[in-house]
Each structure stands twice: as structure tokens, then as C-alpha cells.
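A quick write-up on the structure given underneath.
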Amino acid sequence: MSIFSPTDLDAIGLSTKVALVATLVSLPFGFVMAYVMTFRRFRGKVLLEVAVNLPLTLPPVVIGYLLLLLLGKNGWLGHLLDQAGIRIIFTWQAAVVASAVVGFPLLVRSIRIGMESIDQRLIHASRTLGARWYDTLFTVIVPLSLQGILAGSSLMFARSLGEFGATIIVAGNIPGVTQTIPLAIFDYVNSPDGERMALALCMTAIVLSLLVLFLHEHFGRKLARRD
Amino acid sequence: MSIFSPTDLDAIGLSTKVALVATLVSLPFGFVMAYVMTFRRFRGKVLLEVAVNLPLTLPPVVIGYLLLLLLGKNGWLGHLLDQAGIRIIFTWQAAVVASAVVGFPLLVRSIRIGMESIDQRLIHASRTLGARWYDTLFTVIVPLSLQGILAGSSLMFARSLGEFGATIIVAGNIPGVTQTIPLAIFDYVNSPDGERMALALCMTAIVLSLLVLFLHEHFGRKLARRD
Amino acid sequence: MELEMRLRKSYGPFRLDADFCVKGERIGIFGESGSGKSTLIGMLAGLVEPDDGTICLDGETLYSRSGGVHIPAERRRIAMVFQQPSLFPHLSVRNNLLYGYRRCSPQHRRVAFEPLVQVLKLEELLDRGVNNLSGGEQQRVAIGRAVLASPRLLIMDEPLSALDDDLKFQIIPYLTGVCGRFGIPFLFISHSLLEMRLMADTVLMFDKGLLVEQGSPDELARRRMGHSPSGYINLFRLGRPVGNNGLHTFAWGDRLLLISAAPKSEAGLYELSSRDIILFKQHPEAISARNLLRGRVVSTFESSGKTGVELACGDDRLIAEVVHEAAVELDIRTGVELFAAVKASSFRPLG
Amino acid sequence: MELEMRLRKSYGPFRLDADFCVKGERIGIFGESGSGKSTLIGMLAGLVEPDDGTICLDGETLYSRSGGVHIPAERRRIAMVFQQPSLFPHLSVRNNLLYGYRRCSPQHRRVAFEPLVQVLKLEELLDRGVNNLSGGEQQRVAIGRAVLASPRLLIMDEPLSALDDDLKFQIIPYLTGVCGRFGIPFLFISHSLLEMRLMADTVLMFDKGLLVEQGSPDELARRRMGHSPSGYINLFRLGRPVGNNGLHTFAWGDRLLLISAAPKSEAGLYELSSRDIILFKQHPEAISARNLLRGRVVSTFESSGKTGVELACGDDRLIAEVVHEAAVELDIRTGVELFAAVKASSFRPLG
Amino acid sequence: DINLSAAASLKEVLNDLGEGYTRTHAGVNVLRNFGGSGALAKQIENGAPADIFISAGQDWLDYLVGKKLIDKASIGILARNVLVFVGDGRVKVNGMQDLPKLKRIAIGSPKSVPAGEYAMQAMEHAFLTPDIARKLVMAKDVRACLMYAERGEVDGAFVYKTDTRLVKRARTMFTVPQGLYSPISYPMGLTPAGAQKKDAVVFYRYLQSAPARKVLARYGFILGKE
């Protein structure tokens, strides 16, 4: 892959890492959120739903600004972290946060659609067989919403690979440090002669998401209902 | 709502229109695509899948450029349209196209997750009762994937409300003509004193998607399995 | 209806190898759990693709692998009652029932909605959804849905399993009646020899994927007489009762039969198990059994260690079942005269 | 087990009003389709919330609306075989079977895996998934899954409906055996009076949401004798056969019974329908029936126009069924001596 | 390391300068972060590490100065730029007065893109605004303007002179007279953190040095007096 400069390779590596970490970190939260939304009834559910879907409705740039306000040294979370000696802004972790927030609604929605189609009778069956709610959760609900979880993860991974607007604000666009593929592409399309390289990076992103897609299909088939 | 300038109001109206039209126009295509992906087996399925998911993986800016290449004066589609006297670039229709393309994978994926959980036996039952495939499609598959369709539509609507990167490239940021809420927000956050207005517009977008969410929940409950 | 199936289908170690031709309007399929019954009818309906072979129904090839014929399920006009109800969860009971009806071209529509709904006792459920119906209610909706499609062949996979006896014996005469009246042949699976006897003219018996017996339920019943808990079932069509003094009196040939249960319909159809007949060499005095029929043995046959005795009573035939020992002791052989005692309560009204 | 249920539950026009207390290890629930049986046991298992009332099991309050008690299903240790198999689609047959087993604390585990799998004929299916099992196979897995949970109460909703007779009569003795041996009380729904007789000590009969009868299946059977197609079922525990020359010979009190079917287990349990007994005033000569038992009438009772005759044969009792006319003619009343003829093939082995 | 936050339009030249500097100053690493001036200012305001800030307009520098996030003493000007008009040449345009002949003209979105604001000024001063307003296509940034012009989507576009260096199809039709809009400059300053950092100060001085100015000139920037 000699066409790529070292910083391009950094960008590819970083993008993969960011998308992977963002997906993995969000998964448990996304699952819990989907579970709560599907199986629990409580007040303020709609508010929670709106909050989860916010990152979808708002342009990524705005998300970026909001995250900057939250995580920046004047933000309440950033302030706390600052005192603990942790700085998130302008690190690759910031890119993870941005990707995670932007992809979260996709993840939750996918898992929910899967969960909603679980046959109530199976949950009943597991309960009469002595499974507590957490047991039912892990042995019935998780396996039966695996399709949704997988779909959601691969959506989120893909979305993370393409995340630009929020990332450039909170993580900055520093080659070799926080420059992910979309940011590198952005740089290239902004240079008069960068088109070829931009295209090459696009192809890389496509190949990466292709890989995830294959994995998804592969596991999806394996994990689908047994014969 | 006197805090909004006339062009802001235009932006709000335009955003609503664009998101609505993009969602409605995409729905049939999204449904067909989900149907094909779920129920048909054919060669090159993975390629199609990748193509559908492309807009997710690629940064919206790149989508914007690609759409410009396609729909622009010299693009092959743009050229054809040009001869028919139709110009898309820099019109609100371009914003619709951008939103539709970017939101499409979300729509398809949601519908698919819903479709995949349809009990095969119901399809068998409808066939033995004499329903041709299109009949089964409309009387069994559509109603039973309605949850997914609704979820997908509201995802897509929300995503369209937030679409920025591709829209600004193909539609331009022309106040009162193609400036949607995210583009207006972009203008405001880029002026040192625009924060208040940016926030007000964000709230508007949130309220809009809240409305759609309510509609979704309302219909979702109504259309769910009958008792 | 003439149905020819020459098919092979494997699922892992399980191998179904059907090779038969059957004629008749009322066909039963019998066989133990896992013997391939559902798979067979799935292929007939066009829902399961055979590995190889042909299916012909009334001369029309529905499937032929070598001939490249594969008529899709929706054009076979073969309606099906599945082993699990498989109702449309988004439709009301009424719309479930009418699903096939509406898709049946008017010239083929033969079954009316109202009377069917009455027989199936579904009147009060019509506007409900199907997801909270009781098990039996669901099964009845599934039966109604298939019948209302006025198919050219009706397949039913254990359609009566979730129903109580009363309802079952109300639905059976209706089902056979409707199918008979409108010429809808049917093919059904059941684990009950009684249901078979009541509904089928021809029975196919499967074991481990192979057809092991084919014949009238009569033949099957004779062969399985010793094995089955209800023995061989004699059927009586007795018309209207000619008298009633506590018991219903019927003319049967030149004799009278005294029966305790009222007939269920004008047809006066009753069944009598071979086990419920006791044979005497001489006329017994003072016996609790109300019917004592004199008859001549016309044939005997063996089944699982029992001896079947076919008696001619006038023009009618009666099959009784005795153990060997008794056959020897009573010197039962063709030509001998015997008395058959039958209790009035042994006759069961069918329809 | 002592179960007290005083509950109300409405579904639109349907109203279930249960108010009973029942003791016993083997309880049957009987009632026509839609009479509220599944709803009732759903509330007992903790899956359906009653509108009002209390549930007490062995003195422990499982539910009480006024008392604010609602023990969740998973802590009631009440396993359930649902009307639809409801197997876990993502687990193999083995893991479905072991689901409850693994969740049962070891000191409660009483049922062993291997023998159960053998009785249910599931050995070859253990490593398959459950989605392509045949209907009967699925039902057997569902039974196994519930039994292996070693529950303190086993509830079964028509557990045998999809099984052929042979398998059914193999599973019943196992089920009653295991439950008896390990002291697992059970409660089951069935449409079959025979299954009731074989499995239940006490039967609750529901009609339109109300308990209309409660009693031993014996009482129920006597009361329904005339109505039911199989009459009253006499049960015989005969031990080992004392001889075998073509027929199996058993000691019954001080008499011998000749029976054609081999016993299914050492217990030598047989049933005999009241309809299969013919009564004679005098000893009949040369009769095909192998058993002629002399007995004294100890009581008579009426049921749906039939007369039940309880005969004392030594210390044992036999219930025969005759029509009124015969009762009068044979002058059947308490104290009279009669001969009862029973064919060797009328005895059905149970377990 | 030196953290440099600079307007996106300076990307090429600053890459060139940064790499050149690193070659001669072993061990010093210049981390360059490019973006819109507004975004950069907000990042710095919220604690993003930055030693040097180069803005594409005066207002965002003033914004940070107002927040005491720029060392006032260090403020300087990196370079200046001029506005030109590019087009594909199908319609002959020689000056502002010819613009009404065109059907569509791309400018940067005036609210968020400084180049757009300058272009609006120029048109206002040339008394063109009312009838030309409907023909304007507001682009995301100058690069987008240029691209529209390159692809023929618009008849012409206002862009910086430095952007025209590598255009292929389009060509510069005229340079907008300097008098029509306020001077375009890239002001810069050291942040308080940068002012403390020796390497940053040295690099900051280098940016204003003669060798750096030579490089800037090569990229088409206009250099004012020292």
C-alpha cells in the first residue's frame, strides 16, 4: 500500500481503532438502553427516547460543539476529568466519544427492533424454569436479539468510520494523532491535487466496512436460530 | 417565535419539507431493498449490500462530492436531466437527494431487522391460501414489518433533519432557498455572536423530531399486534 | 381425487421416501411422531422442496424435478391447516377467516361464511385479534380459514388435537359434510384411529419415512384391530329411529337395534367397536346386553394375536374380536352360527 | 399439595371466577375450549396477573392482592408445559432440556437426565436445534424441559395432544412414576377423560370460567359415565402374572383374570371400561368372553340415563354400566348376585 | 511539541513550513490542526491544546483576545490575500461590472466564510447587490466555490488568489479591486501556554522570518511590510 503516506496509514489505523472502540464501548450501554425502552414502563420514557435520538437529529457539528462544552476544561465533566489529570479534547479518545455519541441512536434502535420481536412466551418459559430477570436477559433476550445487536454494531461501526463533523471539533484534525480517515479525506479534497488520495482513502473505508459486513453476515448466519 | 429571522423560518420550513419528502420518497425504495435483501438469494447480494451501506461509511462530505459528480452539469445523470430542462444542484430537491442517500442505509437496515423476524409459517400460510408474492407482500410482510418501517422512517426523518455535510455541497447554503436548519446553525456557530440563535435552531430541530417520535410511538402502538 | 407422490427428501439422518398413488376424497395419514407426515404434506402443498421426484394431483403435475415443473404453492389451490395454528397476528379473527375466501375466485367459492362460523363456535370472537385466543379457539380459526378458501384439496395437520371431544365430534360431521357436499377432497393427519375411521376413506400409514400400509381404514382397522385400543370399528347407518321407549330403536336389515344414545343427525350414524361384542354359542338367557344378534361366520382373520370374526346378519356384516382361546373353545370357523351380544350403550353416535 | 385459588380475572366479556381448594398430588383440569383453563394455570404460575384474589400453595401465599403479595414466577418453582411448545429457538434440544435443570439448586434436583431422555425418545435429537423438530418432538422436549426443572409443582397444558397413542401411553406411566417417586405434584389440562383417569386423583371441571365440578376422577367418571364415550373406567393393579398360556393370567383377589395384553410394567396396571362388562343373571354357557366374575351388587347409581352397578367381587369392586331397561329386566338392585362377563381383550394395560 | 491551530486555507503552506522547520530543528514536532477559524477558536476556548493560533479573519482572533486566550503582545500578521474571480471563460467577464451577465456565482457563505463576506463587501461597493443576490450560491468554504467553478456548476466564483494556484479548467477572470473590500489578512497570536513554551516562541518567530515569507510568497500570499 505504498500509495499511502505514513500519516494516511496512521489515519486508517486510527479510524479502525476509533470505530472499534466506539462500537464496543457503546454496546453494553446501547443494549441496556434498548432493554429499558422495550421492557420497562416508566415516566419520562419519551424524554429518554428523545435524548437518545438527539445525536441523530442534530447536525454532527452541533454535537461536536456540545461535546466540546461538556468535555472542555470549562465543562462539568471536563472539569472533573481535568482534576483527575485526564484530558480528552484533542485525543483519539475524543474521537471515540464523538463516534459513540453520534452512532448511539442507530445502535439502540437496531437492538430495539430486534428485541421487540421476541416472543413473550419464551420469556415466560424461562421464568417458570427459575430464571431471574438477569438470567433471562443473558440466556434468552441477548441471544434472541443478537441479530439486532449485530446489525446495530455494524451500523455503528460504519457510521463511526464516516464520522466527521463532531470528530473534527472535539478531537481536532491533527495528522498522526487524531486525524481519522474522514478528516484525512477532508484535507485531501481541500487540496487541489488531492482527489486521487481522497478516493484511495474512501476505498479503504469501504473495504473496512465491507469486512465488518462480512463478519456480521457470517456471525449472523451462525448465530441465527439453530437447526 | 419572533426570535427567528425570516430566513431562519424559511430554514425551519425547508428542513421539515426536505426531511419529509426524503423520507417519503425513500420509503418504497427502502422497503423493496429490504425485501430483496431479506427474501431473495442472488449473486452479488453482498455488493448491493455494500452499495446500500456506502453512504454510512463515507463521510457525508464525500457523498456530497459524489452526488455533485453525478448530478452536476457534467455528471451523466445531471447531463440527462439538464437536457430535460431539470436542474437539481442548488435546489431544495438536491437537499432531498442528499438526505435520502445519507439516510437510506438506516431505513433499509431497520426495515430488514423487522422483516427478518417475520415467522416463515405465516408466509407459507398466506401462500397456501392463494396469495401471490405481491399479495403476501402487501397483506403479510408489510403489516408485520410496520414496526421496522416506522422505526426506519423516524430514524431517517431525524437523520435528514441533521444532515449537513452532503447537503451543503449539492444544495449550497443559500438562505431562503436551500438553507436547512443545520446549514443555518453552521452559519450561526461560525459567527462569534451566533450561539444563542444556533441553540434556538437546535431546539427547533429537537422539537420537530420529538413530534415524529410521538407519531411513531402512537402509530406503533396502534399498529402493533391486535389483541 | 387422484394423488400420486413419488418423492425423496432427506433431513440429515431422516429420509422420507414416499412412493404411492392414492384415490379418494377423504384420505388419512397415520404414523408415529417424527415419521415424516408433516414433511410429506409440506411437499404436497408446495412449501417444502423435495430432493427429487414427482407429485401429480388429478393428472396435473404439480412437481417434477426431472421435468422442471414446480407449481408454486399459491397456485396449487391446496389449503392447509398447520400443526401450529399460524394465524396472522395483525388481523382480526374475521379477517383471518376471510383471507383465503377473498383470494378465491368467485366461481370457485363454495363454502359460506356464516354457517361455518357457527359450527366452529366463533361467532363471538369475530372482531377480536387472534393473539390472545385460547389454544382451541386458535385451532378452530385455522380450520375455518383453510376451509373458506374453497380449495381443491384441503390438507389438515392434526386439526382437532386441541379440541375437546364434544366440539371435535361436532366439527367432524361438519367438515366431512362440507367437503362432501362441495366436493373438496381432503387429506389429514391424525393420531386418532377413531378420527381416521370417522373421516377417511383411505389411510396411508407411515413409519420412519416409509409408507408401510395403504388401504381403507377398514382394512387398516382390521389389521390393527388387535393392536389398537378401540379394536375394529363397525359402522352403522341406521336412518331414523323406528321407536323409542327409553332406548332408541332402529331397523338394521330385518333386525332391530336398541341404542341408548340419541342419534346426532338424520343419518343416524353409529359406531361399534369389535371389542364391545360378545359372542355366544347358544342363546344366553337374562343378559344385560340389549342386543342379541344371530349371525353366521363368513370369515375369520388374525390381527396381533386376536381373531377377527366377520358375522353375516342378514345382508349386513359385523366384525367381532375374540382371543384365540375363545375362538377355539367356541369352535369359531366359517359357517358356524353364533349369537352376538351388544350393549345398547356400546353404540356411539357419530353424526 | 394443597392449592387454594380464589381469583377473579376478566378479559372483555370473558370472566374467570375460580374459588376452590384442592388437595392431592395429581390434579386434572377439564373443560371445553375457551373455558379459562390456560388463564387459570397462567395465574398459578405467576405469568398472568389476576384482577383480584389470593393463591395459596401448601400454606404459602403466592399471590394476594389485598395482602400485596406477588411472588414472581421465577421464584415459585412451578414449571410449566405450555399449550404451544415455546422452546428456546437458539438452543439445542439438549440445552432446552437442561435449561431448568441447571437453574434448579442441586438439593432440589431429583430427576435424572438420561432416563427421561430415553422415555421421551429424544436420544437422537439431543444435538439438534428445535426449530425443525416435528410437532410431537417439540412437545416431548417441552415436557422434558419442565420435568427436569424438578419443580415443586408441575403444570402441563395439554401435554400429550400431539403424540400418538403408543408414545402417549409410554409417557404417561413415566410421568406419573417420576412425579410420584420424587413427590412432584402435578396439575394438568386435558380434553381426554382417559388421560384424566390415568393421571389425576382429583379433577376440576370448568365451564365458562366457573368451577362446575370437583372430585376424584372416579366420582367425575361415575357422574359422566353415561355421557362419556368410554364410560366409567375400572382400574386394576394386578402385580405379576401368575401364568401364561396364550393369555396372561393374574390373581385378582381370590379370582383369576385372563388378559390378552401383556402388562407394561411390574405394577401390572390395567383399565377396564364399565361399557365392556356384560351382566348375566345366570351363568352363561359357551361364551367368547374369557372372564366370568360372580359378584354381589353393593350399590347402583344413575348417570345421564345409564345405571351404574357396583359389584363386590370378594374385596374388590367393579363398576358396570347398563341401560335402565336392562337394570329392570335383570332385576338389578343391592344384594342381588350377578355374573359379569369381560373379554380378555377389554383390559388395557396402562403401566 | 508545538501545537498549531490554523485556518484550513493555510493547510498547504503551513505543511510546507512545518515540515521544513522540523527538518532543520531535529526533535521539534509541529502538530498542525486545521479547521474553520470559528471551530478552532472554540476549541482553544474549551481547553484544546494550542500554542499558536492563525485565523482567517480578525474577528475570531479578537474573540479569543477578549477571553484572554491570546497573548496580546504577540499578535502579528502571517500574510495577506486578495480576492479574485474565477470562471470557465464561456462568458467574458473583465470586472465587477460584468457580473450581472452571469447566471450563477459562487461565494463563500458570508456569515461563516470570511471570503464570502469580503465578496459581499466588494459587490456592495460595486452597487451590484440587489439584482445579483438571487444569482449567488453560498458555498461551505472557498474550496467548494472553486470546485463549483471547476465543474462548471456556476459561471464564476469569488475565491482567494492563493486558491487559484492549482486550478485546472477554470481560470482567473479578474482580480477584485482592493478598494472594494477590507484587507484580507491572516492574523495570528500565541496562546498564554504557547507564550511560555520556548519552542513555540521560536517557531512563531520563524513564521515571521524571511525564509518563511519566501515560502508564503511562493504559495501566492501577499506579504505586507514587516
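Every chain is named by a letter (A, B, C, D and E) in the order it is written, and numbering of its residues begins at 1.
The rule we apply is simple: a contact is a pair of C-beta atoms (placed from the backbone, for glycine too) under 8 Å apart; a residue touches a chain by one contact, two chains touch by 3 or more.
Since the structure is predicted, the reported quantities are computational estimates derived from the model, not experimental observations.
S.K.: Name the chain pair with more contacting C-beta pairs, choosing from B-E and B-C.
M.R.: Pair with the higher count of C-beta contacts: B-C.
S.K.: Distance from the CA centroid of chain C to that of chain D, rounded to the nearest Å?
M.R.: Distance between chain centres, rounded to whole Å: 26 Å.
S.K.: With centres defined as the mean C-alpha position, give me the chain B-chain D separation in Å.
M.R.: Their C-alpha centroids are separated by 60 Å.
S.K.: Indicate the whole-number Å distance between the mean C-alpha point of chain D and the mean C-alpha point of chain E.
M.R.: Centre separation, chain D to chain E: 90 Å.
S.K.: I'd like to verify one number: the distance from the centre of chain B to the centre of chain C, where each centre is the average of its C-alpha atoms, in whole angstrom.
M.R.: Chain centroid spacing, chain B to chain C, equals 57 Å.
S.K.: At which residue positions does chain B touch at least two other chains?
M.R.: Where chain B meets two or more other chains at a single residue, that happens at 65, 186, 189.
S.K.: Two or more other chains in contact with one residue: find those residues in chain E.
M.R.: 39, 42
S.K.: At which residue positions does chain C touch at least two other chains?
M.R.: Residues 84, 128, 132 of chain C each touch two or more of the other chains.
S.K.: Determine which chains touch and list them pairwise.
M.R.: A-B, A-D, A-E, B-C, B-E, C-D
S.K.: Could you list, by residue number, the parts of chain A that touch chain B in their complex?
M.R.: Interface residues on the chain A side: 46, 49-50, 53-54, 56-62, 65, 105-106, 109-110, 112-114, 116-117, 147-148, 151, 155, 158-159, 161-165, 181-182, 185-186, 189, 198, 202, 205-206, 208-210, 213-214, 217.
S.K.: Which residues of chain B touch chain C once you look at their complex with the stated criterion?
M.R.: Residues 119, 121-122, 124-133, 135-136, 139-140, 143-144, 223, 225-227 of chain B touch chain C in their complex.
S.K.: Note which residues of chain B are touching chain E in the complex, please.
M.R.: The contact residues of chain B facing chain E are 65, 68-69, 72-74, 89-90, 168-169, 172-175, 179, 183, 186-192, 194.
S.K.: Which residues of chain C touch chain B in their complex?
M.R.: Chain C residues touching chain B: 45-47, 72-80, 82, 84, 86-92, 99-100, 103-104, 128-132, 145-146, 149.
S.K.: Contact residues on chain E for chain A in the complex?
M.R.: On the chain E side, the touching residues are 5, 8, 11-12, 31-35, 39, 42-43, 45-49, 141, 143, 146, 163, 165-168.
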